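In the two complexes that follow, chain A is the common piece, with chain B as its partner first and chain C second.
Up next, the complex of A and B:
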């Protein structure tokens, strides 16, 4: 029974995924919007593991997404002739995790010594610095990037390559979303979750109480970055079949992730999903009705959330709920 | 030696550009020093200044040096509006909130600019001749920008040192609780400092246009936000005067390293120069987060 109570909150999450998946495959033309929304839900979940659980703002988060995208592109580009079939996607995903987590260890070791504003500034520096290094030193094709559509056709044939970019990449995002939800709840239920909650409330007090603050912060950072790498590899490279530094290092994705997490409720399991749903649907329809001016609507929305509802939708809901229902919503 | 001549010319140019960098960062440092808020949406205010200069020049033929005062007034007004609408409610909120709010304000300004003036790159040229300093030609307009930055920074310094309000702001920077106990209306000082910070930033945007011939567009501020962070950290983050001096240093480093990196074959010196800037930022944050030029500690 204890076990059920601890993990009951996963049920509504998985239910929402199942409903979204069902809508996507049953109605013609709905797969694309569902995948679009799912991308934002997953992005929010990945970012929530760091921003939500620790309370640190990482403005350079998109760098991990970018490295994941490069990881997949490098794998496909270099191993295209090795006749690995679908194995190449697996290698690409592993390389994506590896590259994102290496960068996160490096950044974490440096930047996580800093607090608040200093940390935020340092992470912007890392993202921009890395981007200009890729362009300036002509690493990985420099500003021309890597284009893998040709490689994909050579490896899989035209038909399958098309299938991978329009369907398999989205399925991968669904899988990442499920994994991210499980990892989030695992962290929240363990010592690490409580330690991070203490960090969020008062880092100095947590330190004095003997909590190894740095260890848990770095762990959350690496976990979050690895998920970002996976998202970059599948939702960017496999879907778009190209990687340009000016696109993948775009700070907009960081902002979107922040909006989603804050909208839904930072540090909650359900928050990024609610945030991603609202944001994804809003953005999808705004891009049809008001093309090019989505941010004009979203920026004031973020200001209003920050000023009026700092706990987000889920945070506000949880305060009203009592008893039995509450354990399903975390 | 053509190389050394080129280097010397670029360094002179770096110092001139550095004065504008310094001025454009003072607002960021002032706001952080007084309110302990990092204005992550700093650059878009520079963009507003740039558009002010552009429209004043193209519509009314008013010289950018004169537009500075217009931009300053606009910036002050905007600063007060933003403070009372948003920032005032976030003074005691966690850092996360102010970072996000200022970020969103920046994006909002950019989008409004894009909505009103379109996404195109614009520019104007204010040609009033050049001066030959032996190694290179320098336009008078840039020299005027250099002089204007120094005058504005000096006036602000005198205002801080000699007036009662300036002293009150300095007191709040030292210890806001103590200042309140001495009868200083801290809330009003916050509002005033925020407005002055934004005013300075918008005014510096006017001078920036003299260095970017066709670079005026809604998203031009982004680059200056990032540069301002490097400069502010270099100058101690909380000290406007530190930021002003750091602007010079940054200008020299930027132009010097551009010249040197140009010697390495097979790289893009322009991008690598920025990489150098951000590496510098990280190194300083790690070694001496209070800034190279002293600054106060946090």
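Up next, the complex of A and C:
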């Protein structure tokens, strides 16, 4: 019973994923928009593990997606002749996690000793700095990036390569979203979740309670960065079959991730999913109906929502719920 | 047996000497009162014991171990707990979760499930069990203070530092809290150091020994009634007799 109560909130999450998947599979032309929305949901979930659970804002977050994207590209580009089949995608994903988490350890060990706003300022430089480093030092192809469409055709053949970029990459995003939800609820239910709650609410008091705040912040940071790496590897490299530094080190994605998390409800399980749904649907359809104006319409809309629900949609909803229903919405 | 020892502890903020060469010991199971007017260095003293600041001079020992430069978070697991002058609840979490955090990361080192049970136990003890599911930010000032006491006790400390916990309470609440603290002190063998500015009445009922702080220095130390009636103490609180 206790177990069910702790994990009941996963049910509506998985239900939403299942519905999105069913819509994408059953209606012609719907797979593309569903994948587009799922990307934002998953991005929000990954970022929520850090931003939502610790209350710290990382303006350099997209650098982890970018490194993940490079991890996959490097694996495919260098091991293309090794005859590994689908194994190469697995190696690419592992390399993505490795590269993103190494950067997160480096950034986190230094910057996470800073408080709130100072941390945010310190991280702004990470993304831009890394991008100019890659371009300037001609690392990983420099500004020409890495193109893997040829490698993919050589490894898998034309049809399968096409299938991977149009379907498998999106399925991977679904799987990452499910994993991120499970990891989020696991953290929330454990000591780590309580420690991060204390950090978010009052870091000095948390220390007095015996919480090693730096340790838990770094743990959340690495976890969140690893998921970012997986997203970059799947939703960008495998889908687009190329990586250009100017496309992946794009601060827009960081801002979008912040908006999704705040909109839905930071630190909640359902928040980034609701935020991702609202943001993804709005952006997709506004870019069709009002091409070029989507950001102009989105900005005031987001301001209204953030003013009306400072805790996000899910945070506001949770306040109104009591008793038995509450355990399904976290 | 000795639990806490301060040796010539000094803390300066720029030119201001907030705590000046203070030494004292706390024995196991003892109830001590620290009294002193506003600005006498009481809270700084707590922050030094707690590791929020490190002293410029002097050493601090806890159960014989030198903890002078031990980080704050490493002190709670050794068996130290405190409350704050202005309560600092984790406002977004429920009262029960607040107390459970104490049990998880303090000396009790409980698992999540154990901690939630311990939390209920201490919420009942301080009498705010019915507020367990309420967001801590919504508690009344009195309830917040009681929540902090419950949170500190749930840590199963050997040393409990109370910072003006009784200030602003009405006399019957104070009496209840003192009874509760006395009982817990006996049952769980905790040393309690309670700091007050003005509530002499409360300290006489509670403390076995009193330390008087004045302008960053330890002015006097000794049995409660003897110290509080000392002419020097009367002087710093009420001023000298003119006639």
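Methods note: the second predicted complex is superposed on the first by the 322 of 330 C-alpha atoms of A that agree within 3 Å, B and C clash if a C-alpha of one lies under 4 Å from a C-alpha of the other, contacts with A are read in each partner's own complex, and residues count from 1 in each chain.
As a convention for this text, a residue touches a chain if its C-beta (ideal position, glycine included) is under 8 Å from a C-beta of that chain, and two chains touch if they have at least 3 such contacts.
Predicted model only: the values in this text are computed from it and were never measured.
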{"item": "Superposition on chain A - do chain B and chain C clash or fit", "value": "fit"}
{"item": "First (chain B), second (chain C), both or neither touched by A:142", "value": "first"}
{"item": "Which of chain B and chain C A:205 touches, first, second, both or neither", "value": "second"}
{"item": "For chain A as apex, the angle formed with chain B and chain C - C-alpha centres, to the nearest 10 degrees", "value": "80"}
{"item": "Contacts of A:14 with chain B and chain C, given as first, second, both or neither", "value": "neither"}
{"item": "Which of chain B and chain C A:113 touches, first, second, both or neither", "value": "first"}
{"item": "First, second, both or neither for A:325, with chain B first and chain C second", "value": "neither"}
{"item": "First, second, both or neither for A:2, with chain B first and chain C second", "value": "second"}
{"item": "Touch count on chain A, higher of chain B and chain C", "value": "B"}
{"item": "Contacts of A:197 with chain B and chain C, given as first, second, both or neither", "value": "second"}
{"item": "After superposition on chain A, the shortest CA separation from chain B to chain C (Å)", "value": "13"}
{"item": "Residues of chain A at both interfaces, chain B in one complex, chain C in the other", "value": "none"}
{"item": "Chain A residues touching chain B - in the complex, by the definition given at the top", "value": "51, 55, 57, 59, 110-111, 113-114, 116-118, 120-122, 124-126, 128-129, 132-133, 135-138, 142-143, 251, 255, 258, 262, 266, 293, 295-296, 298-300, 302-303, 306-307, 310"}
{"item": "Chain A-touching residues of chain B, taken from the complex the two chains share", "value": "32, 36, 38, 40, 86, 89-90, 93-97, 99-101, 103-105, 107-108, 110-112, 114-115, 222, 226, 229-230, 233, 237, 261, 266-275, 277-279, 281-282, 285-286, 289"}
{"item": "Contacting residues of chain A [partner chain C, same complex]", "value": "2, 189-191, 194-195, 197-198, 200-202, 204-213"}
{"item": "Residue numbers on chain C that touch chain A, as the complex places them", "value": "50, 52, 71-77, 82, 84, 88-93, 97, 100-102, 104-107, 111-113, 115, 151, 155"}
